[in-house]
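Some structures are shown below for you to check.
Heads up, the next two complexes both have subunit A, just with different partners, subunit B and then subunit C.
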Partner chain A sequence: METLRKILKRKTSLIGAIILTVFFLTALIGPFLCRYDPLQTNPKQKYAQASSEYPLGTDYLGRDVLTRMVYGARVSLSISFIGVLSGALIGVLLGLAAGYYGRWVDTLISRLIDILLAFPGLLLAIMIVAILGKGIENTIIAVSVFSIPSIARMIRGVVIGLRESEYLQACKAMGASDARMIFSHILPNTVSQMIVNITLNLGTAILTASSLSFLGLGVQPPSPEWGAMLSSARDVIRTYPLASIVPGITITLVVLSFSMVGDGLRDALDPKLQYRFRGNL
Partner chain B sequence: MSDKEGKVLLEAEGLVMHFPVSARSLSPFAERKTVKAVQDVSFKVYEGETLGLVGESGCGKSTTGKMIVKLLQPTAGAIRFEGADINALKGKEELAFRRQVQIIFQDPFSSLDPRYKVGQTIGEPLVVHKTGDKKSRRERVIEIMQDVGLKSEMYGRYPHEFSGGQRQRIGVARALALNPRLIVCDEPVSSLDVSIQAQILNLMKVLQRKYRLTYVFISHNLLVVKHLCDRIAVMYLGHIVELARRDDLFARRLHPYTQALFDAIPIADPDVKTMNELLQGDIPSPIDPPPGCVFNTRCPYARQRCLEQTPALQPDTDSHLVACHFYRDLRPSALRAEQSAEEAGKAAV
Partner chain C sequence: MKYLLKRLLQLIPLLLVLTFVIFLSIRAVPGDPVEVMLGMGAPENAKAAERARLGLDKPFIVQYFTFLGNVVRGDLGTSMSTGNKVMYEIVRRFPNTLILALGGTLVAALFGIALGVVAAVRQNKFTDNAIMVLSLLSVSTPSFFLALLLMLLFSLYLGWLPSIGMRSWQHAILPIVTLGTQAMGMVARTTRSSMLDVLSQDYIRTSRSRGVSERVIVYIHALKNALIPVVTVLGLRFGGLLAGATLVETVFTIPGLGRLMVDGVLKRDYPVVQGTMLVFAVSFVVVNTVVDLIYGMIDPRIKYE
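Moving on to the complex of A and B:
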């Protein structure tokens, strides 16, 4: 609660949190409120202007843009969450192993992470999709691989700092097993940094997934996806800009919100600030 | 040593601890440098006593302590607990050893997991050793909390709600939970206020009597050591330079380093003028310790032999060991004679 209050005190984080709340609600309950089917084409109504019938107009096949945006939120949300969380799971385990065991385990894992980090993010994602093929599952895999290195490296650093702490030494001296030290002491003490990292990654993941779909490598038509919608509206951007502006601005806003909330979280959970606070007691 | 000191609980023999210096060179011909933290340290700890390890920062006293509780593997040498080499223990035997030997750390802030409640922290050793059920563990924790002067309603609080002194009590309680026989106290009061230091030291004394504990007490503070220890080992640059019973050491300091160390104890009286000069220079780097006697770079009495030959820790009396070639010549009586001769010479001029 204290943390939440601290985050919401920052204006940017507050705005981000509001946008994200709208985004989550849209993804969760939006589809039940829609009048149209996102896949139902209607050739008579293509490129309809915004009206009370179609609040954001229709696309090149006469499908309601608002409906597709709402369904697209669900797609983006699931890709980013499943991808980032599974990537985080692998990344956390790798980071724990590298930081805790050190020596060759650390060298091996750190070099692997370096290799992943050496590729620009999107290029890595394209490479994975090129190997595995197009489609939503492979987009999720790409997003997950993409988010492994940052969290693994962050966790590794935290673990190395914690490993020498006296409470872990005390724990070792009492005969605790490695598993106990890692999962009962180290892991809980990395949670705050983990949350920050995951939040920031979620935004990037949405951007990556949209980029892949924009390039035609991610979610395939006719599934509603923001990047794919942007891509299909690209040809008529001069004559009919609404169809590209809407998904474009939405992607920007959601990604921006994730990073604003992530920054707020980082400030609220910063271990150094906490330490200073503790030291004054 | 005489048999009235009782049974040997722990024995360290020829302990050596070298840490590789981390700056790695790609060249296979590069010299592998090591920090020689502990060099050939031997001592015995008798059941029920308190052995003090004193020395400046970096003299290897904490490293020695960590080797005793098997947090570090010595590069060479052996530590025997009740006759068994602790570094050969595996599995159940190792757990049995860890149950009997515990450690209390210096920093009461970093020695407690900030996410563990006090009760959890103190009870953790019981969980690790699968002692009793939940209810009996809780009872035991509350019993220990009372022993160390913590109220039982503090069971569910987090460490950040406590002061340094109280946190150190939690650390002491955790070490006591398994009813150990030996506790290594690694500067347990150095980061506390003086008034709190006394409380914790007295608590440790009371607990020692109550549970018949043996302590290895590591400190840089001679007055703290004097308060608590039966025997004192003075360390310098990885070596024990003098080892004696407390009263013996405070009355008769044989090694020049010990003398200098004791002379550095401030006296709370501005009118007292100490005759002795403080040591000059810094402690040499443990990466490149001087050849011969390690103290030769700062010793006011160093002679040629000190530069060539490392003195062994040899008995002066049965229970008073010293590692110095010429300690006999440095006895206060001898010094006084030297001084008076000098003064006589001056007077003659």
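Moving on to the complex of A and C:
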């Protein structure tokens, strides 16, 4: 509760949280409120300008842009959530193993993390699509792979810090099993940093997934996805700029909101930062 | 010197692992490359002959060493879609990507450091908040969208700059600004927090009490030390921009390395995908090593043994 209050006190985090809530609701209930089918083409209404009938105009196949944006929220947010959460699951397990067991397990996992981190996210995503092929499922896999290293490294760091702490030594002396040590005593201590990492990764995931779709490697037409919509509208950007600008601004807004909420969470949950802040005073 | 040699020697196993991973992953792609080349339903003996010609009938490990030998000799195979040597296609395009990434890094360094210093000096004031929101916006805007907006404004509406291709220095301005803006936010944030760290240290307080002017303190005493972490970020961003240039190359129709790779993926042109991945991977390894070395040079506290 205290944390929530701290986050909402920060103006930028509050704005971010409001914007995200709007987009979540749009993704959840928006499709039920739409008049049009996101896939139904209507060649007679190609590139209609914004009007009361089509609030954001129509695209090159006469499909309502607003409807496609609403359905696109579902596609983009689910890619990002499923991808990041599955990546986080793998990352947390790797981080726990590396930090807790140390020695060769740590060396092996740390080298793997180093290699993954050495590659920019987009390149890693393109490589994965090159191997697995295009499409929504493989975009999710690409997002999850690129989410693994940052969380794994963070968790490893936390676990190493905790390993020598007195209360864990006491647990061990009382004969707690490895599984009990890890899941009941170490894991709960990593939750706050995990949440911050996941929130920040969700924004990056939206960027990566929409970039892949923009390049023609991610979600394939006719599925409504923001990056793909922008890509198909850019040839006519001069005459129908709205069709590119709407998805572009939407992506920016969502990514920005995840960053603002993530920053707020970090400040509220990370005691180290607060200490530094006081040090500055 | 000994450290430099050690770092260079360390690169050899890393590059071996990378070439192996890339080679393995291209082989893991479902589908028969020979079938892609000759078309579905090609006669079995033609396929066997093609396989023998490409050496695909040999054991996997033999294929890998043949590949490695060719790479060392600069032969990355032949593109299946254009029939040109992959090395030729890469050499033709790599300079464009390099110019974009270097230019972007320079823009990010100039503006990012300047904004970060101003934000730190005016900590928690309006200017600081405005700069931080701006830098957050710059990292959140997809580069392909920013590229489109700049193109719409400066090429299509105002007609000041060319919109597509890479034939003159004017062509490079918009792509470089796009990449630079994206990296700028991160540089500004790092500079700000690093400046704040340094400005709260004892030697700065000593300088202040000695009556050194605030300008000298900020720009000479503090900035010099504050730049150390910024250099790392810039180095890593440079690597990121090499790959990130792919999106900008797509928008501005610039023949670059990233675009070559994406086209290769779309056309299932495996030699091209393999070659471009290899060049990217080697570039990142080199960039990361150079960043490490520079870090040691500018921060005498770090001793490599």
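Before moving on, here are some points about what is shown:
We take it that the second predicted complex is superposed on the first by the 271 of 281 C-alpha atoms of A that agree within 3 Å, B and C clash if a C-alpha of one lies under 4 Å from a C-alpha of the other, contacts with A are read in each partner's own complex, and residues count from 1 in each chain.
The rule is simple: a residue touches a chain if its C-beta (ideal position, glycine included) is under 8 Å from a C-beta of that chain, and two chains touch if they have at least 3 such contacts.
Only a predicted model underlies this, so the values are computations on that prediction, with no experimental measurement involved.
With both complexes brought onto subunit A, simultaneous placement of subunit B and subunit C is permitted, the two fitting side by side without a clash. When subunit B and subunit C are set side by side, the one touching more residues of subunit A is C.
By the touch criterion defined above, A:248 reaches subunit C but does not reach subunit B.
Of the two partner chains placed by the overlay, only subunit B lies in contact with A:172; subunit C stays clear of it. Between the Cα centres of subunit B and subunit C, as seen from that of subunit A, there is an angle of 90°, stated in steps of 10.
When the two complexes are overlaid on their common chain A, residue A:189 makes contact with subunit B while staying clear of subunit C.
With both structures placed on the common chain, the touch criterion links A:40 to neither subunit B nor subunit C. Within the superposed three-chain model, A:207 lies in touch with subunit C and out of touch with subunit B [touch as defined at top].
Of the two partner chains, subunit B is the only one touched by A:180; subunit C is not. The superposed arrangement places subunit B and subunit C with a least CA-CA distance of 7 Å. Across the two superposed structures, the residue set of subunit A contacted by subunit B and also by subunit C is 279. Contact residues of subunit B toward subunit A in the complex are 66, 69-71, 94-95, 98-99, 101-103, 105-107, 109-116, 124-125, 128-129, 160-161, 163, 171, 174-175, 178.
Those residues of subunit C whose C-beta lies close enough to touch subunit A in the complex are 17-18, 25-26, 28-30, 133, 136-137, 139-145, 148-149, 151-152, 156, 196, 200, 239-240, 242-244, 246-247, 250-251, 261-262, 264-266, 273, 277, 280-281, 284-285, 288. On the side of subunit A, the complex with subunit B involves touching residues 165-167, 169-177, 180, 185, 188-189, 278-279, 281. Taken in their complex, subunit A has these residues touching subunit C: 12, 115, 118-120, 122-123, 126-127, 129-131, 133, 203, 207, 210-211, 214-217, 227, 230-231, 234, 237-238, 241, 244-245, 248-249, 251-252, 255-256, 259-260, 263, 279-280.
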